[in-house]
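The next part holds the structures, each set out as structure tokens.
In what follows, chain A forms one complex with chain B and a second complex with chain C.
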Partner chain A sequence: MSMENKRYYLELRGVNKKYGNFQASRNVNIQIEKGRLVALLGASGSGKTTILRIIAGLESPESGEILIDGKLVNNTPGSERGVGFVFQSYALFRYMTVYDNIAFGLRVKKKPRNYIDDRVHELLKLIDCEGLEKRYPNQLSGGQRQRVAFARALAPNPQLLLLDEPFAAIDAKIRLELRAWLREMITNLQITSIFVTHDQDEAIEVADEIIVMNHGEIEQTGSPRELYSHPQTPFVAQFIGASTPVENYQRFRFFQSLGDDTTAILRPEFVSVFKKGENKKYTESAEEGVVEDVIFRGSNLEIRVRIHGVVLSGNRGINDPVVEIGEKVDVFVYRFLVVDGKKIVRLDNSSLREESIII
Partner chain B sequence: MDIRKNSGVVKWTLIVLCSSFLVVFLILPLIYIVVTALRSGFQAYWNSITDEYAIKAALLTIEAMVCAVVINTIFGICAAWTLTKYQFRGKKTISTLIDLPVTVSPIIAGLIFVLTFGRQSFLFPFLDRFGIQIIFAVPGIILATVFVTFPFISREIIPALAAQGTDEEEAAAQMGANMFTIFRKVTYPHIKWALLYGVVLCSARAMGEFGAVSVLSGHLRGKTNTLPLYIELLYQGYDFNGAFAASSVLVLLSVVILALRMWLEKRGAKEIDVRK
Partner chain C sequence: MKLRKNKNIIPGFGLTFGVTITILSLIVLIPLCSLVVYSAKLSPAEFWHTITRERVLSSYCVSIGTSLVAALVNVVMGLALAWVLVRYEFPGKRFLDGIIELPFALPTAVAGISLTHLTTTNGWVGKIFYELFGVKLAYTPIGITIALIFVGIPFVARSVQPVLEKFDVQYEEAAVILGASKSRIFLTVIFPEIIPALISGFTLAFARGVGEYGSVVFISGNIPYETEIAPLLIMSKLQEFDYAGATSIALALLLLAFVILSANAIFQSVVSKRVSGLA
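Right, the complex of A and B next:
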């Protein structure tokens, strides 16, 4: 597969943005294929909104290129880039009705009245808000507001949709529902979309591809699965998925040391906890630990077990034989993610060499 | 002590105090104006207020008021927009300068203009060459009125604009709306009531302005006399009937403005209730 020949719908090349002395984006490179749903994931203040604003033409970068559909758009006004923007707080026009909000972009573009009317009703139907066209934004629920903002951004038929923390202002209860709704909607419309979030679960659940940002830089880009199983930086390893830091992984059996100043990160999935003699296969290579805590997690049990002076988390099934606090158990670690400077190295248990373990 | 208790000596004492204060300082003088104006009969009153110079003075007052409102509305919107939508150095200074006319005595303001545009000014030969007369002429009166009413409109709009933020404008701009459309469709509804309220305040203040206008006017009867100046002139000439008749016109205008103000406050509060 040759990366050079691939055609991306959106490309950012070496984008830098400063606010005064503060570097909000540093050498940002993004490549997104047409029709993808991409999450821009990072902690608050990591520069996610800035990237969206640069793509939408609301900010201009100090350096770097923005290409949409192969065309350089650095000097194209935001309104002519074919981009729809859903603002974080929705920024609905408070003094306009739902109808006028959705129609705004079409009226600005001087579309014929009939066309506007048809399009607004089509969108109202799409977002399941028929009959609400005469309401003002403050007369809508949070979810309805979000959907109206979505419809307003979609009205002029953008080819690229940008959503800034679309679920942040919504109660936890309907948030899950809206996530599914948005994903379905965007998949059906086949519109290339980027949404910003600081919630890794949201990114993993909704996106085809995740771009992880940290301090204005991109740490890693990949599918949720790739980021999870092949994190390339310590930040990504810790940010995506549950993890326990293990300083002294060198003391565990069947793991060779990759250097004295390296540490490791461990995921619960990499740890199996057995009652003594419960599993013949691993008895040889397992080490003894003591159960510190058993936490009920709905579909499974989290077992916190002390071994070599550290407390690890491992999972056990609900129907497996019960382990008690204080019980001596066999602990088998499949793999560590070893932090070597700025890199992550996957280190597998050497007793498993012949077998392939799929997580 | 329970402040909200309905009975009580304190409460009633305060109410009586406030009411008598208002009666003595406000209602009585107003009644006195009307009574004095009508003392020599309605015909005399009518003659006084339809006097050629009285009408000219009233028209000039209205002219100055309209100019002040128009100029200060444009300036006020620009200033409020600049101060709330942009970040820049010297913002505080501009904000403070806008309030200056309220703190400077109107007489001083008048004198400043005389010094700036009068015979001794370096600008005078220049203005003279183009036949522009400011001092002792209508432009001077308008200038003075604009100056003293300078902050009234911008001060009303700034809080309304600041409360709204900039994201609605940004959304509109992102969809390709131009500045004018953004202002008309997005910003204006937010500041409408504040703006109208500012216009009312500005009108009231413009109508009554005496000090600065007095310095710049030159008191040319029928030419540069506004109503307040005209009243002063009649009063100095012991024409009490005429002075009070003209005053009653000014009072009537004030009452109209007061009524407008009350109506605006009610409407504005109602609409904000609905949209916030």
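Right, the complex of A and C next:
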């Protein structure tokens, strides 16, 4: 029994939460190891924020257990669960200076004045906001506010940090910097963290582990790489990564059929587009398509090709020979993610196997 | 040329500004100027003598003292009232919300008469206080204060209510997770947010109290040096056709009101600068 009881820092068992008739969480099970950085990913209304609020003690579930560090905390107030919470709009106290905001949690806990002063200055240094302690929240930039909110949550040394859409209110360029900053910070502090996001790129880039939620249920949990290459449900396959749905994928050569009315999901990475005669290796197994559009994406080109009556997206490098709109090209599809009922089956191009035998 | 360059994209400035100035002049500025003109019929010495007579001075004291107490009581009661109306759901909430403005709608004399009726030593409420504590309500400064509380309560309740409604629970939740107690959250997180509205409500209630006449004359008993309010002195001067005397006292009241309202305006702009990040 004790063998299978692997020690998780946070565990949710069969958590259900309803708001009136709306089921916000349905039988949610989560296990998070100490020191992990986890993303709760889902569209708006998928119940991800509800889970965060339940962990923080801001909501109580109708049924289910919440365990932090092995202890059942269902009846423990949020302030005694050892959690820090960063709100989506930061909720910095407007009438308090940066210093007072960060010191708030320490003053509440009646820490000695010297300790508070040292801790606040330590945190100000950590968030790179030294010299801003006398400012009010409205005198800060968005990024600074976010970091102050982060410092305020960290001040009482929580063991678990919860962040609700931490980057939502920040403009695109600073968001990228802050993501990297936050990831580095949390990794250095070794604090178990969960952040909610609706942005798959953000989750993939920042998190060690992603929990994908949909309609109050967990669809799949795994590392970004796992979710990307081995999605288990149609929702995850479409939600993570770029995808084009393809019906009747059997029309493509070298793909066996898994049933009549199944659809497949195709990612741009699964598609190679070659100029005629450019590639020798796949000439035999490639099929002919017509270029419909070439879209400049900065670091690469997205080529939209019509083949077998569907338009697929594939990528080409900036330095590859130019393809023109209307040009006939060779298209090679490596793989489909086939939707089989509620499951996803990875279907590889069968010519790849044959060729590998020849080589 | 310069005007055209800086032309505001929001239309209608000329029209609305013109209407504003016209109305303000006709209804507010010109009558106020006439006050000054009337008072100017007296020499400075006469003016000073009129407004510093003992009876006038004590009427100011009564007016300001009772208004101050009433406004302070209203701050507490108005805050509680707004708090209850915003924070909780209970049967009859909408009704309660609706009757807050009643003191505005009611002719003040009606309020005065009914309050007097209640608080005389024979009245329902006055009787209890007189028999139990030996305290007379009507025809004392306490009675005046009661009338002024009645008249002033909507000011505080209605200025605090929208602020509380707009107040995001996230702030409270943030404080809860950091471990703050309820009283601490109220004092350090919520209270600073509503102080500007409270002060603004307080000043309005106070200013209204100083000038209030209708509801007070019946309940005050108008005993010179004791329960005679400044607006009543003005009325009696008018009845004696002493217009210059009446306007002099009024001018002094006007200055007082102006000082109170300006203090409030300055305070509000300091606070709003801090919050908007411009300070």
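By our rule, the second predicted complex is superposed on the first by the 349 of 359 C-alpha atoms of A that agree within 3 Å, B and C clash if a C-alpha of one lies under 4 Å from a C-alpha of the other, contacts with A are read in each partner's own complex, and residues count from 1 in each chain.
Simple rule for what comes next: a residue touches a chain if its C-beta (ideal position, glycine included) is under 8 Å from a C-beta of that chain, and two chains touch if they have at least 3 such contacts.
Being a predicted model, the structure only gives us computed values, none of them experimental.
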Room on chain A for both chain B and chain C (clash or fit): clash
Chain B versus chain C as contact partner of A:94, first or second or both or neither: both
Touching partner for A:119 - first (chain B), second (chain C), both, neither: neither
Residues of chain A contacting chain B in one complex and chain C in the other: 56-58, 77-80, 83, 85, 87, 89, 91, 93-96, 104-105, 108-109, 136, 138, 152, 156
Chain A-touching residues of chain C, taken from the complex the two chains share: 168, 170-171, 173-181, 184, 188-189, 192-193, 274-277, 279
Residues of chain A touching chain B in the complex: 56-58, 77-80, 83, 85, 87, 89, 91-96, 104-105, 108-109, 136, 138, 152, 156
Residues of chain B that touch chain A when the two form their complex: 167-168, 170-177, 181, 185-186, 189-190, 274-276
Residues of chain A defined as touching chain C within the complex: 56-58, 77-80, 83-85, 87-89, 91, 93-96, 104-105, 108-109, 136, 138-139, 152-153, 156
